[in-house]
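Dropping the structures in below, format is structure tokens.
Next come two complexes built around subunit A: one with subunit B, the other with subunit C.
Right after this comes the complex of A and B.
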């Protein structure tokens, strides 16, 4: 009882921190060179993607290895609407988010009946299949030759946002993603997701409509990734099926969430920031071995912090046990 | 016990309930009804179909034949979450705690999604303490299930069920593996739930528990109803002793010695 009351008394604290971080994001922008600004913009985009994966993989426990499908779909919806129909970016953005969410609900219904590895593989298949469809719809999407989003001149439905504009766009989108996950985590919906994650039979026995709740989570995760894809397509100008549906984007989402702490609000943020900045730093300083070193660091991090960094720190604070071995024993299968 | 209560609408009625797995009839042609407030013991040897029966009532399995009626309403084949919202609660034989959540959060799930669904997790967490109080777990609200003893894990399983404020409670071996000293509080709790008007089905191996708490005992054997009657009578029935305990126990021991012997 006391702890419930105590936690509600400090409930404003995370919100205050969130507002401060957002303000710091705006402040940081004024201090960055153009190259650095682009790097941070990419970090912010990965915060959105990591939170997207966190909803379905972290909270609900369905490891989606096809999450890039939503990203690619969002990007292509924006590209096609701006290129073919000359719709303004903001309309295309909304359409991308909604269509990705709808797509999540549509494929979620059959896919979320599968468990564990089967779901992971089926989701991967959906992403590959979506890319193939986009590639073959040449008349609509430009096919393998890609398409160019009109961004300059009188012809452009929405003028290019520029480095500063995209920084602000992805900063706000990241804030939106973190806010969404924060609200979900504290809500009835979030309790349903965590219950499903632990044991679906037990969850159903307590009245959780498991299918409905899972599909809603998948759809919401699709919305976030679709919005990110939309912004990315506009920023990239030239988009191709390969890079837009690159499986490596999914892998990065998974790694960021797992290292940071899956099923937590803060973990994916720390994972995205940490991994992207580390990757950039390694690329600049150890060009030849950068991928190898990064891979090694990821492996070590996963071994030492099996529940993710945030889970490790939380466990340490709660039990006073900071030994890495204890942490490994507690969270490893 | 049987004749007098028949005028009331039974809380639970099963008609010709059956479930086949391939060629195996796990439950076959099961028919009986339970009037409100009764505590019914359901016993039978391993593989008699006890857990299958529970799963058929709660919707975790779909019957291949027959009907399940809750207060006269047909709930056959409804999904488990709908059955739960109709105030049918259950425990699982192999406990199913939500491991990544605290004991209090476990109970809150039922309060958030059950028939009295509260919309706010904060309110549900406060209400959860009332449920935990009832099963004697309130002091362990902040603990995760992995840190609980076997007996406390069973209490949590019970608390999760009680979060639905059930009218029908199915207890699938909540006392298995407990020491005699740990069984008594569970029996007390079942009696007090019954006194509140709850209808309880106690699926159990522990004979002494069944006798102590049940108004009536059903015996399942190979998926069928073997007998149905007052506990003492049923347990004295030679067919029951043979079917349930087997020849070995039937000859050398009384019915009371099965499984409740303290383990060293």
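Right after this comes the complex of A and C.
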């Protein structure tokens, strides 16, 4: 809450850093090989997804284990519109974002009445159910055999963006996601979310319209994930229900946000960049043991920094307490 | 008609095995508020133990399961006592991430040790069938796994309500602070619960391997059905797992029989979400963990 009371002397600093990082993103592109460019593109996509989860799981405190539903839905809306109706990508992108946001509001209304882990698993059920529906609507979506987005020749509604194009697309989308979360975090709406996170009854008593605020947050998080899914589907060209609705994507969002620092603007960015780069590096250098090492790192990180890196550093700077055992002392039995 | 009876029989038999797959998951979640993502990996590990014993020592999987159970129990106890207890008071998604990390490690370790090939535990009798009604066959292997599944689940229910250990588990689940004041060693109880969860998963794995094929890639799906069953039935309650398992088994069997494509899966998740919305405490459950105070 300090940001409300603190003087706004250095309020321009985060914005300046943000613009610099964006510029650095464009500068970095000129220095990368094709493979590296693809890796960074994936990192940027995960920044968007992590921020999407951060809105509902980090700020509002409703841990959605079904966030991939929006990603998959966004991807399939784009895929179907471009494949069946030959709509240009940009129209499909807008439709994907809006439909994902609408879906978020629609399922948010009943689901967000559930508390804690009941909400989490109901969201998981919705994601799995959505995948099954998409798999079985064979005539529209191509079913389990997947669909191919037309990308080349006269057949293509929008020409393939190519590696450079998708890099710029996801860089701008990541900037949009970070900007959105920053604005939300500083707004009245964001304070409502944090109040709900801390004590929903108290928030309601203070006049926060909890249902409306929660549904809006869920819908906004759906918009971000839906846009990411739309771009991903166009980039991947061939999309299948399994990979588009992979539970692992949801879990990665959660891991990135929690390890980085949930309920902060910076944490999910650091989590996404750190984890995705590490994962790619392990995949390239230790192919066989890649998943095993990643699992070990997650276990260690969760035990030592359950509050996330950003929270740990902030706490350290404020109190001078840097002991790694603090969180274990706090959470052990 | 015989088609319907056959599907029903198949669903019930499958439900018994489902119950055993999920009962440990439900107990761990209900008592400790730990969502064990590694449940499916435990089941697959149990299947490999049964497979190894059958292949290299010639031990029948229904006996091998009795070896797999204590091994898995020891693994589960050690994991809880020395690792998960370190963060067990953190918000639920922290422990969820921890078990997700364990799941990645276990699944990949099994991939390296046993390859990703699909295997089955061969027996001479599992594929035989007995005609119980005209045109309705009772597959022997599935009948035996059903018996084991229901038997072990009921045994667990008996242990939970009739033995000192079981009562201390229930007490710890209801109010850990009060239980500790009564002299219950909560760290040990938590170890026991996770050990029991792993042991039942291991037995379920050996059963799963005798009636079908398995590979490390199945772990995620097995965790997912444990989720559905535990929530359908009600957390922390062995009878809940039994009901949830039967409901899921029947939905899948009937849906598979009468719906085109794989709509039965969509149906299963639809029922899951509706039950959650109308009766979040599950079909048989009380709200076990949700209602208690943290001390």
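Basically, the second predicted complex is superposed on the first by the 319 of 333 C-alpha atoms of A that agree within 3 Å, B and C clash if a C-alpha of one lies under 4 Å from a C-alpha of the other, contacts with A are read in each partner's own complex, and residues count from 1 in each chain.
Throughout what follows, contacts are C-beta pairs under 8 Å (C-beta built on N, C-alpha and C of every residue); 3 or more make two chains touch, one makes a residue touch a chain.
The structure presented is a predicted model; accordingly, all values stated were derived computationally and were not measured.
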| item | value |
| --- | --- |
| Subunit B versus subunit C as contact partner of A:255, first or second or both or neither | second |
| Contacts of A:117 with subunit B and subunit C, given as first, second, both or neither | second |
| Which superposed partner A:270 touches (first subunit B, second subunit C, both, neither) | neither |
| Touching partner for A:186 - first (subunit B), second (subunit C), both, neither | first |
| Which of subunit B and subunit C A:201 touches, first, second, both or neither | first |
| Which of subunit B and subunit C A:299 touches, first, second, both or neither | second |
| Touching both subunit C and subunit B, counted on subunit A across the two superposed complexes | none |
| Contacting residues of subunit B [partner subunit A, same complex] | 58-60, 79-82, 84-85, 89-90, 92, 96-101, 104-105, 108-110, 112-115, 117, 119-122, 124-126, 129, 141-142, 160-161, 163-164 |
| Residue ranges of subunit A in contact with subunit C within the complex | 57, 63, 110-111, 113-118, 120-122, 124-126, 128-129, 132-133, 135-136, 138, 143-144, 247-248, 251, 254-255, 258, 288-292, 294-299, 302-303, 306, 327-328, 330-333 |
| Subunit C residues within the subunit A interface of the complex | 33, 35, 37, 83, 85-94, 96-98, 100-105, 107-109, 111-112, 186-187, 190, 220, 224, 227-228, 231, 260-263, 265-266, 269-270, 272-273, 276-277, 280, 290 |
| In the complex, subunit A residues that touch subunit B | 1, 3-4, 8, 186-188, 190-192, 194-195, 197-199, 201-210, 263 |
